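Labels for the chains are A, B, C and D, by order of writing; each one numbers its residues from 1.
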């Protein structure tokens, strides 16, 4: 089967018709709801780009299972070059969309499962890997969009899953039968789950003996019975619902990143879609590998976002007559420093990747975590530069609707004029575009997406050989003999 | 006349009925428009607090003109203690409102004008001061709310006012007659202008010879003929307009800071409301004094805001079961460091204030600028701490409307539960409250309000005696003899 | 008795002849050892400045005990104005000396003891206060220089004093007799103890029941039997010992801050010099008050240091031909921001000080801690600016000795020339001066002096009413009713 | 010829006997002067490591000229793998030495010259490349250590070379003859020039028409007639000269980075050692390529340094009984973040390198500049963490000499004891080791080495396609049509 066209994607997702609630109301047609449109547009763009020969090297790959070209979001990296392309995939899509592609977590979960199921089977004699490969083949052959779900609601964060008042605060198996299992719980912060065909679900933490019911990984179609997607709501969402036309919005077509709470209200999963069920000993590796893949890709994502933020900031500096002013140049260069540092860290994570037993390549754990930290810290610094350069109008801009009312349109055109030759409309729209970045949900999103910085710091601490470094210091300090 | 009650304020502002456009539409009743309500509520709160004996020491002062107690926002500081109270006024009101009080710029413009008109008259033999005192008496006796307007649209920021393509990009006098003057232009970023009775207008930059037409200061009622207020529009504004009930919003009653573009479409101002007209030599002092007063008060404002941000972050840490975790304690303490550093700088600016010739006290220029910088830089750091502690749900929270739909309300209550004893509704609302701070317009607002940091750095550079410091270094380096 | 002259100070300190070890050798004459000279010079400067009518307002105060003018370092603040002057005293002396005055800890310990002994007596019926006042009178009447000692060696920092392998790792009473007590232990990081007449010793932590032996405060002359001062050694100290002439050093006369380990090898202290002995319940207040006094004064100290760093950086920018370059101006302004922020915090701590029961004034606890944090964090930022502006020669400069060798002196004069009109010698010396600040012990000194930042953060956390802030947030979020 | 042994290096450098001045005195025997010993030791270590089979992959490479294995510092990268190994070479040597290897600038200058001479010849028909290859063969076959010299004294930094009061403030050709040229001027900040056999000299800035005399690149032996090396002097140098034994120093064997001012007092250079003479049009590329190579290697250097700083900090945390404390763990993880970010940026610069026409590979310009910035900014952050964790004793430690005086040695051993099982001597030495890093010349060295951050920011600005980013923003903002 060839790669799906945009129309095929739209048709297929419309047919799925998952259960989605937005702002307290059940969505009738997922293709027509103003809040879901930008999510659909974003995923659709990943299909469109894959059709474009100019990008096929990044957007597609030859499947190691089927031998056919598949969308790279459904491809398992089988070489260092694949990892590098995975990073470039994240950069390219987030740059072209100016928002989330909604396909990274799914892709990263597939990679983690491919290698961990292999190792489980080898060690435990289970049959997860073959099952998973069959499923993956189905995904690749039908060119399906997958979301990935990891984060449980967690309740009281000091307590383990079973210690919670409600044992369902982490997704768990409530029933096992001959045909499959029944799962209950929820996953929060799920980017674009309703616009995916498939949802890949894995545990959100390393589990211990006695917590087997929580050690569950599986895949369900987004319209599975009992699965409810409840959409997030930011002011940007309310603004979009109320807009006369998307043209009045900062990012008309693609909006900002949208997530859902996925509720699993006793969802049945047949065995051929279950990839872990009780093997607590393997949850650490599954989470760690997902995390490293996703931290690398979330760094790539911010490199692409930076393209928009820097471009808009540069444009406004120019529109304000200030391009080339010494201090502005320094700040713009600092934004480039941030963007390129994140790119460098992500690339290094790919290029220093490692081969798992199944032949799948994963990013270097240390460098992937570093890439995420660079993106979280750097994104804030970059926004600060953008705020500083662009000035107060970025948040005090009047509604673009005024441009359609002749009583005030002239005032805006007259008084929001900038440097010569720049149409006031351009300046006004560019302010609105930048507003989305500097006064919206992106900063917290960049901070926590892919896991909070503390999670990365803890990982770095755990992966470091401090004794080796201490020994080196002792040698140079003259406390012990110099070794080799 | 006694201090106005809230009802009297509402009645009076409704009678004024200024010309306001919101989202492309003319506002019919300023008291009923959902976007104006929070602005009105905020100003009303300044009247309510002034009636409360508990706060009368901070909220009111004895006028040096009338001898009566007046709202401190209309009082001219006549002592160091007055300056300190001015700082506490900013803290108290922004803390109680959780948003802008909309009365600082007006207050700060009155203070600057009081002393500069005195000095102009003394030097030039003009009659501005008596005129101004009469006007001030009118404001105090009628307990009017004043906004203050400084920032011109500026167009191409590299060019002086007269070099612009359109000479109106800075407010200017286009006609002088026996009865008064006619002004044209616009002021941007005007906090709450439509909810004030009076708008005080001063130049936005130091002017030079040949630019006399731009050296104009005056006061107009907010419903002056030819004056149009065009409201800003952030996603928060659209969200509010579309909300079924303010309860679904982050800060139900007071919202976020709202500004207007004020367009002066050939507005006539009678001479008794003109306080500068052509005296370019005094614009530097007028702008500098306004800036120092306003930078101190905008620092106070952020101390009050910090109360909300810290309180919400602490509450969420507790709701998440994490209050007391070592790293969270360090971050909360860091937020306190920021809040108290800003408070300290503002207080120091007040306590090291100086007496102008007219007997009016102004904040110390250096320390007022430092206070603003501390608030701009610190606010960003504090938001970062808040984002880090509170987690991703702060931006991925579903709409509160879901709580009214029984099909999903139960899901949210079940899965957004936190630590024992905390009602899920509280947790959900607190996330929504914090969202307003960390994913909305406040960060850019804190950065640019009171002037961009670069403006403060330039002022600091200009006010510093670098030669004295160099001399000190030369003495200690042994290059020149040690002096006294 | 009048204030001591410099000569009287030198004579008196020479007569004391304390036991001092420097670099493994017993010092014969404290006035002649090259490493002690700058310490003596610094303390001497505090006597010289006190004699100068120009500074008498800051440097001296009227004793509330004797009614005579005393050096302010020996004065107990009895008003807000006194606290403010205390802050200015720290600024003035550190500015004039370009290093430590060595008298802050002593002064701060006296203030803390004055009020705490008063409260102890009132509560416990002890007789410490009268004893202390007698001692203070002796210090004031003889115009003695006092050091203050707080920091114990601490050993394993996870353990309480009695849990240590060696119980002497915190100073403790090993014997109590009719005439007095015998103390054993050590205090580390003691600035200038050997150049003081008197050493005031207090506990370094809040003690608990069962730890009475460690709850001891007392004063000893610096030549007490059994008291040994072991001097620190930085590369700067070795450089100074080896120098042909102090002119070759960065700060010829005053050097950098020097500390000592004070070893108490069973030192006898008569009862009239014992101000606490076993009262564990009062150790918290004693430490807290000392800390707040000292954190305010250590902030003042950094304001004075900043004068040197900024002056030197500005001079080098000028010598390099770069004064006025836009980016350099911004960085210099940023240094001023740091300096003035620290000044503001210290001033605010003074001006918001509080009156203890004895009538003594202490700085506001919260603001004093904030001042210390501002100085620690800010000092690093300021040094970074200085490094950036001044360039690599600040550390790669050849020895000034080369200027006395005709074979190479000409090369240095030819090639280290800067902007026109600047003698190369000035430029070279200024680089050497700045080297002391940016490549020496000052950064760690500023970080840890007055207690490590973590100590301040812990204090801030402990002093904050988080519940009040939470309540405020709940009101504004609409979770609870708006209160007054 | 095989790789030189350490003894052969020492012998050869001793025979060269360059003219060196340290602290105003002519050095008699370069192998015996205490300040030169650590520099010699460091370079010797690069020979020792190259002999060690364990490191031969990193330390040596097969020459593309001779086909023999040569020290990688003399190898020209001919592949991406070579570039990666170049980065690892910098990491390994700086880690093993704990200071500068003194061979990076020479190596980086050779790489830049190899490709630029090739392009010059191709364009201009000159004969520099063959000449250079002959010279390189000589260097490789004799396994010579090369330093590289770029930075001119610059005088008044606002002026071009010819505008200076003294035209010699930039190195220039003062005579051209049949046999060669005569050069005059100086180079500052030259790391280890006196311990190298050869000094490679290139221009320090992009030159313009009319400035041909300054466009000169050449190589001279370090004992060339008229060449004088004047050593820098930091307090660490004076300390070392005065030390009884290197054991008393922080880094006994290798010390801190040492630089020299190289004075060219009319030095004759034969034509076969001249690689550029007047070709101003090629100076930009020469400087840019040197800079990118050196910025990548100076990033590698800091990764190696980090090994020492982190190891020492971790050791002290452990010695203090604090290993594992939550906040300490976070700070240690942050140090790892810095180290690994810098490593990632350097690796990415290598792995995204580019092939010049001559077949030589250079690091990616953008990423190499980013790597240097990450190392400069990160090094400061890492030192701050180290200061915070290690505490005040790092700078207040007494001299190690005290341990040899029985009168006080016992006091130090008793009172500087830490956690159980740690010999006090170890703790004391480790403090001294860390002192070298946090209170010495390393911070400014890391900031300016490889060029000041402003130089990197300017490069980043110049290399960025802002118009492309602006176009991307315009598409997403809906201002122009979405392109491909």
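In the analysis below, contacts are C-beta pairs under 8 Å (C-beta built on N, C-alpha and C of every residue); 3 or more make two chains touch, one makes a residue touch a chain.
Computed from a prediction, not measured in an experiment: that's the story for all the values here.
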| item | value |
| --- | --- |
| Contacts common to chain B and chain C (chain labels) | A, D |
| Interface residue overlap between copies chain C and chain D, same or different (over half shared) | same |
| Rounded Å distance between chain A and chain D, as computed from the means of their C-alpha atoms | 40 |
| Centroid distance [mean C-alpha coordinates] between chain B and chain A, Å | 38 |
| Separation of mean Cα positions, chain D and chain B [Å, integer] | 51 |
| Contacts with 2+ other chains: residues of chain A | 327, 330, 454 |
| Chain C - residues contacting chain B, complex | 52, 54, 95, 97-98, 246-247, 250-254, 307-308, 310-312, 314-315, 318, 329-330, 332-334, 336-337, 340-341, 343-345, 347-349, 351-352, 366-367, 370-371, 373-374, 425-426, 429-430, 432-433, 454, 456-458, 460-461, 464, 466, 468-474, 476-479, 482, 484 |
| Chain C residues within the chain D interface of the complex | 21-26, 151, 153-159, 165-166, 168-169, 185-186, 188-189, 228, 230-239, 241-243, 259, 261, 263, 265, 320-322, 325, 327, 380, 383-384, 387-388, 391-399, 401-405, 407-408, 411-412, 414-420, 435, 438-441, 443-445, 447-449, 452-454 |
| Chain C - residues contacting chain A, complex | 326-327, 330 |
